[in-house]
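Naming follows writing order (A, B, C, D, E and F), and every chain is counted from residue 1.
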Amino acid sequence: MMISDMNWMDVERQVARDTRCVLPIGSVEQHAQLSLCVDVINSERVAREAAEPLGVPVYPVIPYGMTPYFTAYPGTVTLRIETLMALMRDIIASLRRTGFNRILIVNGHGGNSAVGALGQELMADYGDISIRLHNWWNAPLTAAKTREIHPIGTHANWMENFPWTRLAHAPAPEGEKPAPDMAAIRAATPQKAREILGDGNFGGPWQVDDEAALELWKTGVEETRAAIEGPWPELERS
Amino acid sequence: MMISDMNWMDVERQVARDTRCVLPIGSVEQHAQLSLCVDVINSERVAREAAEPLGVPVYPVIPYGMTPYFTAYPGTVTLRIETLMALMRDIIASLRRTGFNRILIVNGHGGNSAVGALGQELMADYGDISIRLHNWWNAPLTAAKTREIHPIGTHANWMENFPWTRLAHAPAPEGEKPAPDMAAIRAATPQKAREILGDGNFGGPWQVDDEAALELWKTGVEETRAAIEGPWPELERS
Amino acid sequence: MMISDMNWMDVERQVARDTRCVLPIGSVEQHAQLSLCVDVINSERVAREAAEPLGVPVYPVIPYGMTPYFTAYPGTVTLRIETLMALMRDIIASLRRTGFNRILIVNGHGGNSAVGALGQELMADYGDISIRLHNWWNAPLTAAKTREIHPIGTHANWMENFPWTRLAHAPAPEGEKPAPDMAAIRAATPQKAREILGDGNFGGPWQVDDEAALELWKTGVEETRAAIEGPWPELERS
Amino acid sequence: MMISDMNWMDVERQVARDTRCVLPIGSVEQHAQLSLCVDVINSERVAREAAEPLGVPVYPVIPYGMTPYFTAYPGTVTLRIETLMALMRDIIASLRRTGFNRILIVNGHGGNSAVGALGQELMADYGDISIRLHNWWNAPLTAAKTREIHPIGTHANWMENFPWTRLAHAPAPEGEKPAPDMAAIRAATPQKAREILGDGNFGGPWQVDDEAALELWKTGVEETRAAIEGPWPELERS
Amino acid sequence: MMISDMNWMDVERQVARDTRCVLPIGSVEQHAQLSLCVDVINSERVAREAAEPLGVPVYPVIPYGMTPYFTAYPGTVTLRIETLMALMRDIIASLRRTGFNRILIVNGHGGNSAVGALGQELMADYGDISIRLHNWWNAPLTAAKTREIHPIGTHANWMENFPWTRLAHAPAPEGEKPAPDMAAIRAATPQKAREILGDGNFGGPWQVDDEAALELWKTGVEETRAAIEGPWPELERS
Amino acid sequence: MMISDMNWMDVERQVARDTRCVLPIGSVEQHAQLSLCVDVINSERVAREAAEPLGVPVYPVIPYGMTPYFTAYPGTVTLRIETLMALMRDIIASLRRTGFNRILIVNGHGGNSAVGALGQELMADYGDISIRLHNWWNAPLTAAKTREIHPIGTHANWMENFPWTRLAHAPAPEGEKPAPDMAAIRAATPQKAREILGDGNFGGPWQVDDEAALELWKTGVEETRAAIEGPWPELERS
């Protein structure tokens, strides 16, 4: 149930029944030949499909995240840590004011992991809410399914290549990309990292057959749904 | 042309041809019986439809804005001024890094007007970009068209009621809402403001016939398109 | 009644009787041949004259505001948005601690309008105070009086030219200045804006006869006085 | 020469001749029976009188400073350290942009001393300006003159009691106030500090004869004038 | 080579030869019966022992980190994310000013991982330095050695129990602690987390024999030394 | 009693008995031929030796402070004011959460004095704690003892030269350094200040005989111990 399909009276009724909600977060950044919005599209979609049968509201996706290492690639947008933290603080304060006290952040981008630390900080500050960060693509079952399909599932390779993240005008290259020197990339400035990394894929096949891709997706949706279901602590309504 | 339909190579080619881009910004807040996301939906949509024939890229909409006065209505999310400013600073820094130096912010929410002041500040700081804030709903031609249709076009009334912002399960009330005491509302705390304001419509008809509504929309799209076209100053590529 | 004419015991007695106070805010920025402090002088003076017969205390004027677009003119001082917001937050917190819970901000400078948004934010945060922003020069009656005197009343023209904002050594030019291209100015960097704008007057006569000017001033004082009087909500003493 | 008596062309000419300027800073806080604005009045006045014969411009006084320990006294306004620092950063950046690179901050309030540390930080950051903090009342000659008149010259006693800081309706008590337990006050919360401190005078006579007071003032003006004169380092125009 | 054993002339000579340096970071937080400073002690010590034969300078350890989830345990100190980020920004700016442009942060506490994201951000901002985060206890070889000794090596259990982190007056309990419900702990407020977690050990033996512990330590020192050695990118001296 | 020698149960018992604690703070900066860490070493050591017989816990020293004026000397680390303030805010909030409400900050560096202003601000904000700043080297008795030994006791001269701050490889120069022009240094940029100041000693003998030095140290320890003892206000446990 998307917040965009609700008005304020709907939310008032909903939160009286169930205090859970979902907040997806992505990143606009290079994904080789794929859409710059892969992480926005996938985090929003996995949250929506997971939440739907549960009737838990999903807030609009935060499209921008932290990705300084890709700033040499045109189109990429990166936030400073303090900015993303401020944004999350204010949104979570608003969700809590509405009465949502069990909040699942569905994250689609590895660079956003500091959001998990913020969640712990806010739980300590407020003392009456629970916030959990769900990195949908590397939750245990989804990561296992990825490895089952191909040993290398990583940034901008087949693992993020779904019918809805591909661009018709930019088909995936054939074959597999050799693994770049990731240790060198991590220690390099963005311009140098781009020189090493080339198109942006972190190695492995650019695409696998759709049957496998959709199987991975289904696992991701189911595991995200389980995360929405719990575990949640008992909390008093504030 | 949505950024979500582009990869980084597309943007690299585009910015070499044309340094304009569009950034829509909305708000998640009460809109009476309409979607909580009216301002998100409309700012994204008007930007997309306006930009399409021009081939100017549209970045993902920032869904959250400043709306402290509606915080007594469930579902509403508000950002502190400093947070929205930080978010805009970082996004604009990223757009500039990519090479976009003529940026139109298409705003769908009156409470976000401080973004205009920030644009002026960034233009002074950088000295090599132009940023303009376009409040699509109250730009001169669109505001005139609104007055032509009905003397009262305001928050959550017919002026924001389009086929894509209505909820099937929550039809508009019949008739016209008497104008609430806006001076009292502005001086009141959110809880008191809600008591005065009731469902959230600022007065006037909840809905007009679709022909009139779509005529208003068409004016808004055209005026936004003209704003994308200019005026823009001559700027050296940084 | 100026705070500078009171000691702490005076304020203690005053706030027990009446919880209203006034905070003027200006800007140090180019005003063509007029004083750099036009907005400081006028906001302080209009607040003082308006408050005097009501016995409502007026705090010292904040002389610095947001004016990034004039930074190419020597002498101009501009604050970042976050700075002005922090300043207002702290001052208002102090006024509230003293017991003032109905605060009228008398603003003399268009660039400071984000202060209004902050007022709304603080009213939502505290829940026990009322803050209103009064832009004295464009309140309805004062703006109507301006149009009555001359169709163009704007920055640094006759509308801000009073006996107390003129400099003896720098008389106003004769005649009327043609309106500059304001759309181009708004989209330009400060250096380019100065090239277009020249002396800094936004167009129209530099000066009118004193009788008209003082009539405008009288309207401004009376409308500001009415704003101090209300409307104010009922508020419990915190 | 007050900035309020100058327009932007005046400043442009002045800074071409001489890159010094003066920025006074005060505090609105309890001063026993004296005006709440003692530190605003004195810092502005001493700066003005000192600068006048030198023709060095004096910017409008910043009326608000850091005084958390007096917050239990009505009328007092205090800024957080970060706020005052942000304000000073932005103002100094603006002065530097205009071309002023030798800036004397004339301070009238002990609680503002962190401004001196900020000056050092900005000098290190910019590398092309000089900023000096002048605490006018405890500069060596003025402090010596104070001791010469009476061994105890301190907050809100005779040392701050001038014809222009007195209130006609609130004459000074006769005699001398016994010194309160300052160590206890410094370790106490504001409420407790007020209980110990009573009217707010830190001890000693509330007033001395005007001849002595004006002699002290004259010393303060002269020593402030000497501080405006130098020493200043050689600096390249930026 | 500790910075405390160097003066500024020593550093000037050193940085002319080798631009690497090491910055350890810890946390003051509950570690069951062990010292509250386990993460401070170990990160400083592993950095020192690793750097010594290489002659690379080690800066004083930052003793405080992010640990909001342990705030119900007395003695624990936690920083907000923004605070730790500000601290790291300023220290790294200072190291870079001195000429150190290859900086290894040796981290002893899992909660500090946002420091890695900051390093990436600073590398993008500066474009002329390399910053790497080394979590000494879970680097690949050290983590493998841990698993070799006992399948559960975790917070406050044997893995952090060394002769220099034990307290003579508080011997380790005998035996193994059953694994607590970590999913429940992560979703809980600090008070509730303490109730579940008890003494603070995350499960497994409180202590193993010293031979095994010191073997783990030796692996940690060697792997940290290897991290100081590289890989580092080629960087121009700024 | 060092916090590093305590576990959380120890602190829980301690704070039930006595709510005092000590927080030392230093600076990493040039000290001529002495260790870059003089202020870290001394503030930690004086706090430890002073607290030991009282059984009051001493938290780990904050090694980094504010020293922008020495940034032209290699190895120096300086924090912005806002950073040090944020750090102190968070640490003090944590100490207060544990139950420590009488906090002595033992400072070893003159540039950190803004910490005293912050303490006053936090006391006003919380209303239930007492924070005192103790500048150990210029407390009255210690400063008097310094003057007794030699009229000039200042930065990096004999006054900071103890067996534990000397470096074996860098003996002190013989004789006395002529006093540099401190007024010129304070008004200068860091690079220029280094040119004037040379090795970094602010004048006077680089070293005196150990008997005198240790006598000074003993006075500093005793005066710091007295400061830990009080005066402290009566405070309710929060």
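Throughout what follows, a contact is a pair of C-beta atoms (placed from the backbone, for glycine too) under 8 Å apart; a residue touches a chain by one contact, two chains touch by 3 or more.
Which chain is which protein? Per UniProt: A, B, C, D, E, F = Creatininase family protein.
Everything quoted here is computed from the prediction, not taken from an experiment.
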Going by the stated contact rule, which chains contact subunit C (Creatininase family protein) and subunit F (Creatininase family protein) alike? D
Co-neighbours of subunit D (Creatininase family protein) and subunit A (Creatininase family protein) - touch as defined: none
Repeat of interface D-F, chosen from C-D, B-C or A-B - more than half of residue-number contact pairs shared: B-C
Relative to subunit B (Creatininase family protein), largest Cα-centroid distance belongs to chain F
Calculate how many whole Å lie between the centre of subunit E (Creatininase family protein) and the centre of subunit F (Creatininase family protein), each centre taken as the average of the chain's C-alpha atoms. 25
For subunit B (Creatininase family protein) paired with subunit D (Creatininase family protein), centre-to-centre distance based on mean C-alpha positions, whole Å: 46
Separation of mean Cα positions, subunit E (Creatininase family protein) and subunit C (Creatininase family protein) [Å, integer]: 53
Expected list for subunit B (Creatininase family protein), residues touching two or more other chains, is 71, 78, 80, 82
Circling the ring from subunit A (Creatininase family protein) via subunit B (Creatininase family protein), which chains come up in turn? A, B, C, D, F, E
Residues of subunit D (Creatininase family protein) defined as touching subunit F (Creatininase family protein) within the complex: 66, 68-69, 71, 78, 80-82, 85, 111, 113-114, 117-118, 120-121, 123-128, 130, 132, 183-184, 186-192, 231-233
Contact set on subunit D (Creatininase family protein) toward subunit C (Creatininase family protein) in their complex: 3-12, 15, 28, 30-37, 40-41, 59-64, 71, 73-80, 82-83, 86-87, 89-91, 94-95, 97-99, 167, 169-170, 200
